[in-house]
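Have a look at this one before I ask anything.
All chains are identified by letter, namely A, B, C and D, in their written order; residue positions are counted from 1 within each chain.
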Amino acid sequence: MDVRALSEIGLRIVFGSLGLAAFGIFFGLVYKGIDRKLSAHMQGRIGPPFRQPFRDVAKLFVKENIVPDHAIPWIFNLIPLVGLIGTLSILVYLPLGGFPPLFSSGGDLIVVLYLLIIPSLCLVIGGFSSGSPYAIVGAQREMATMIAYEFPFAILVITIAWNLLQKGVTEVFSFSTIASTPVWNQVAGPLGFIGFAILLVVLLLVTPAELSKIPFDSAEAETELAGGLLVEYSGRNLAMFYLTDGVKTVVMASIIVALFFPYNLSALLGLGTYEGMIIDVVFFLFKVFLVVLFSVTLIRVSIARLKIDQIVYTYWIPLTLASLVGLILVMWDSVIMNFFTTA
Amino acid sequence: MTVLEALLQHSPALIIAIPLLSAFLLPLVSRIHAKVRDVFALVMLGVTSCFVGLLASDVLSHGPRIYIFGAQNLRVPLVRILFEVDSMGVFMAIITMMLAIIAVIYSWSFLHQEDGLDKYYTLLLLVVTSALGMELTGDIFNFFVFLEISCIASCALIAFWVTEGEALEAAFKYIVVSSIGALFVLFAIGIFYAQYNALNIATLAHLLLFTFLDKIALVILLVSLGMKAGLAPMHMWLPDSYGRAPPSIVLIIMSATLASFYGLLRVVFTFYGNVLTTSLRFSLPAHVVIGWILIALAIVSILIGVIMALVQTDLLRLIGYAAVAEIGYMFLAVGASIAALGTSYATVALQGGVLHILNDAVDIGLLFLVAGAIYYVTKKRSLDDLSGLARTMKFTTVFFIIGLLAVAGMPPLNGFTSKFLIYESVYQLNPILSIIALLGSILLLAIFVKVLYAAFLGPELPGLKDVKEAPKSMLLAMGFLAGLAIFIGLFPNLLLDTLVKPAVSALLDHAQYISMVVGGL
Amino acid sequence: MIEYIPFIAVVAMILIGLYAVVFRRNLIKIVIGISIIESGVNLFLIMLGYREGGVAPIFTSLPPGTTYPPEMVLPVPQALTLTSIVIGVAVLALMLSLVMHIYRKYGTLDVRKIRRLKE
Amino acid sequence: MFTLESGSGFWNPILWILVLLITFLLFYGIRGFGKSTYKKGTEQTKAFLSGNKEPSPEEMHIKASNLYWGFTTSMKSLYSVLRKMHTGNTSDYILWFVLVLAVLLLILGVM
């Protein structure tokens, strides 16, 4: 490897990760503001202004950073930061707008599936390390939720890859492959279509749990656990978790967009390079907005919080069964269509 | 012939002879001084590792080697003991030596207050000898003998804390289970000898016809070696004995367990390598049936391991169940690669499985060492009695977090590399397999996060205020494994290209293994 | 038919041993069961060594002029059995000493009561 | 060279570590702008218990066996079966061995 290629990769890493960090943080907070405003309107309130999340972060930075007596300081302080950077690093592997992933051959869907554990894991460890009973109860609930939703999520990821493999595509876990061959174009008949539609619904229902939003937010549960695993966090540590939450929303929505709606407008409209880019980015942001609207805002204003054993039950029995049905429909799709075409 | 060449030529014999002889020299040496004994055990293992390294570099560059014990020119065919060393055997020998050396370093501090240590080190060296013997031998009866040696010596080591009734119980269960397993292996050997008049693995593999008796022998070998390796639902001895043996010993028992797993690989890939593709009834090839049997047992292992580990309160026993789940991952990869024999993803799956042997040794070993350190400083086994150790035991906490992330397969640690290869290959056989593997991983994470909370985080209990950090030699042993976990995680290809890929191709290329003996004599 | 009787005996011994291990409660009887399985397997090995009309594998007593007659019986099974018996003795001794210690700690030899390690 | 390839995907740990390092430096710097002090030894460092008096650490400690209550409760039926399976009786361990042996003999015998 010569110096030129090496320095090119170095520049990509430095500027790419800095740019993506800025992107993730900014839009994370923007979508948080939109979500709060919309849900307030749906509940007949006025709600905070759109820029309220930015103000929240700024305010948290000037607040005291309290480390409780029972906490373990070095873990307590380090974990929020690790959670934030871990979540930001996922953006490196995702296609955003019309742009391909920054490192398309650096990690794939399975890697992202694993990296998505990091924010939740950091919340859990942070909650455990703060030494407050509320936080510990919240943290163990978050962990149980994570076990619960990972099962249908894994089924979904593997189904998408397996279906691509059956269609003769190589490197099926790669995000650039998945984005260039949308799942809806890879079905032979109605069965596969229904299967993927079921899986999409499951994924939209996994999202609120992944983001710890109502009805799956029993880990934070302001009413009975007083904020749950974040109860002892304050000041800049809480600001880190606040930012993580925003970035996580963008990441999760981008994954849904990349898996199910990777379409772009520029090719359709036949636009040039720069206009095309702008249109694609705007369209991407709109798609992310739709995902946030449907899987976060609408669900959280319309359903009440579930108990933790209800959450585990919901994900392990009905949703897992639903996604297995989706998997089976996708598996039978080509078989049955072949049967019809040959018969 | 230079000295080095002579040593290299006799290295297969020396690798067995040095630990065996030093095992029996050890009680004499320990008469001099306890320190001398400790150093002697380490030095002898070090010398053996040098020979393993020498042999490994030779085998990896020049292909498999045979070593003949006894008369070279005897005209009666194959009445002699052969050692046949290929890259797979060498790979396993390296793992065994790594575990043995770490266990000895750890034992220095961990057991320094106990007595009977001369017997302890003797038995330890005997288990190492037996594991190495199982990995290098080319003779099936020899394999049985080493298997029995490992049974006897491991059983005595499990009962090391003889004052506890539970340790005796665990040892009794272990010896009953493993001696019955070994007797059935001997029965299978008898079946082979009855049909083919040979005991040499390569000769037998060459002659094997897959008669009805061969099928019976295959089932017996699969089940008894699977039991010795801890395959569910015959895994129950494993959490019992891993949970009660001294944690330093668990590493050694684990090397014997992994050697049994290696034996199973050898049986399926080399012994039955010629006949794997024969069609059975319903025009199913034999390898599909065998592969799916292994996959079914592997899935049971993963699920039982993680589900039972989640509710354990005894730390060592909990890790024992996690070890069952890890064994399940290996069997899943191997089963999938057998069921899909010949496809390109079968090779990837087998690479993942073979790499996972090393990763399992490193991760589970590290967790046992950490659990041992907790036991050493607090004298408590139950997670319910522990809390807040992260305040005083910072290094141990960091090592535990590394072990936790590695065993749950979180990037960028070593567990992820092998599980990554497993997930991204077995789904091609059936998507459910990858899904269950992913689920098992997330449950493993939950299990060890619980341990992290219970032992290290949480409020400081009054009874644990004056707890100190573990002694240096224990930290060194843990640090080495933790460093290895990070290193393999960051540079997976380094290891994959130098050790794992040759090992996998040696397993798959049974014709070469056979021709080394059958063609050469 | 008569030549199958030893093999039937082998299978019967192994099954009897397994029965003892699985259904007997006394630890000593379990140990005896394992010992019976071992005898069965040893009997099996010995049986394989029998060749009809075979010659003892002693080179000095061979018929003159022959070096390796095909009817010469290989001593391998006997060697295996000896090894196996020696190993069996070691296992037996270890198991019995464990049983002795277990009796001291638990005060019973009933296998159903010796299960502090469960679940 | 640093990318682990499985034929279906890839994973490059070094690249990820570098990205992590850069963002860590960036956000460690940003975090430095935040206020780092607090009043030690006052009421605010006590655990927040909705105004209740803080009990002693032993009473406040949540035991490991009570963790994951939600998960074990919703899987209760599964656990009762699995726990009963592991009887701790040596004979049962051998029984499992014999059972698996018999089942596999049956499968391969039929085949």
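Here, contacts are C-beta pairs under 8 Å (C-beta built on N, C-alpha and C of every residue); 3 or more make two chains touch, one makes a residue touch a chain.
For clarity, every value in this text was computed on a predicted model and none was experimentally measured.
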When B-C and C-D are ranked by contacting C-beta pairs, first place goes to B-C
When centres are defined as mean Cα positions, the distance from chain B to chain C in whole Å is 27
When centres are defined as mean Cα positions, the distance from chain C to chain D in whole Å is 46
Distance in whole angstrom between the CA centres of chain B and chain D is 24
For the pair chain A and chain D, the C-alpha centroid-to-centroid distance in angstrom is 21
Contacts with two or more other chains occur in chain B at residues 172-173, 176, 180, 240, 308, 411, 416, 420, 424, 427-428, 446, 450, 453, 458-460
Residue ranges of chain A touching at least 2 other chains are 70, 108, 110-111, 131, 136, 140, 143-144, 147, 161, 165, 173
Shared-interface residues of chain C (touching two or more other chains) are 21, 30, 114-117, 119
Contact graph of the chains (line, ring, star, complete, other): other
Residue positions on chain B within touch of chain A in the complex are 388, 390-391, 394, 397, 409-411, 416, 420, 423-424, 427-428, 431, 434-435, 438-439, 442-443, 445-446, 449-450, 452-453, 456-460
The chain C residues in contact with chain B across the complex are 14, 21, 27, 30, 34, 37-38, 41, 44-45, 48, 67-68, 74, 76-77, 80, 83-84, 87, 90-91, 94-95, 98-99, 101-102, 105-106, 114-117, 119
Listed in rising order, chain A residues that touch chain D in their complex are 13-14, 16-18, 21, 60-70, 81, 84-86, 88-89, 92, 103, 105-111, 130-134, 136-137, 140-141, 143-144, 147-148, 161, 165, 170-174, 218, 226, 231-232, 234-236, 239-240, 307-313, 316
Listed in rising order, the residues of chain B that touch chain D in the complex are 172-173, 176-177, 180-181, 184, 212, 215-216, 218-220, 222-224, 226-227, 233-234, 236-237, 240, 280-282, 284, 286, 289, 293, 297, 304, 307-308, 310-311, 313, 344-345, 348, 352, 383-384, 386-387, 411-412, 416-417, 420-421, 424-425, 427-428, 446, 450-451, 453-454, 458-462, 489-493, 496
As the complex stands, chain D meets chain A at residues 3, 7-12, 15-16, 18-20, 22-24, 26-28, 31, 33-39, 44-50, 57, 60, 62, 67-71, 73-75
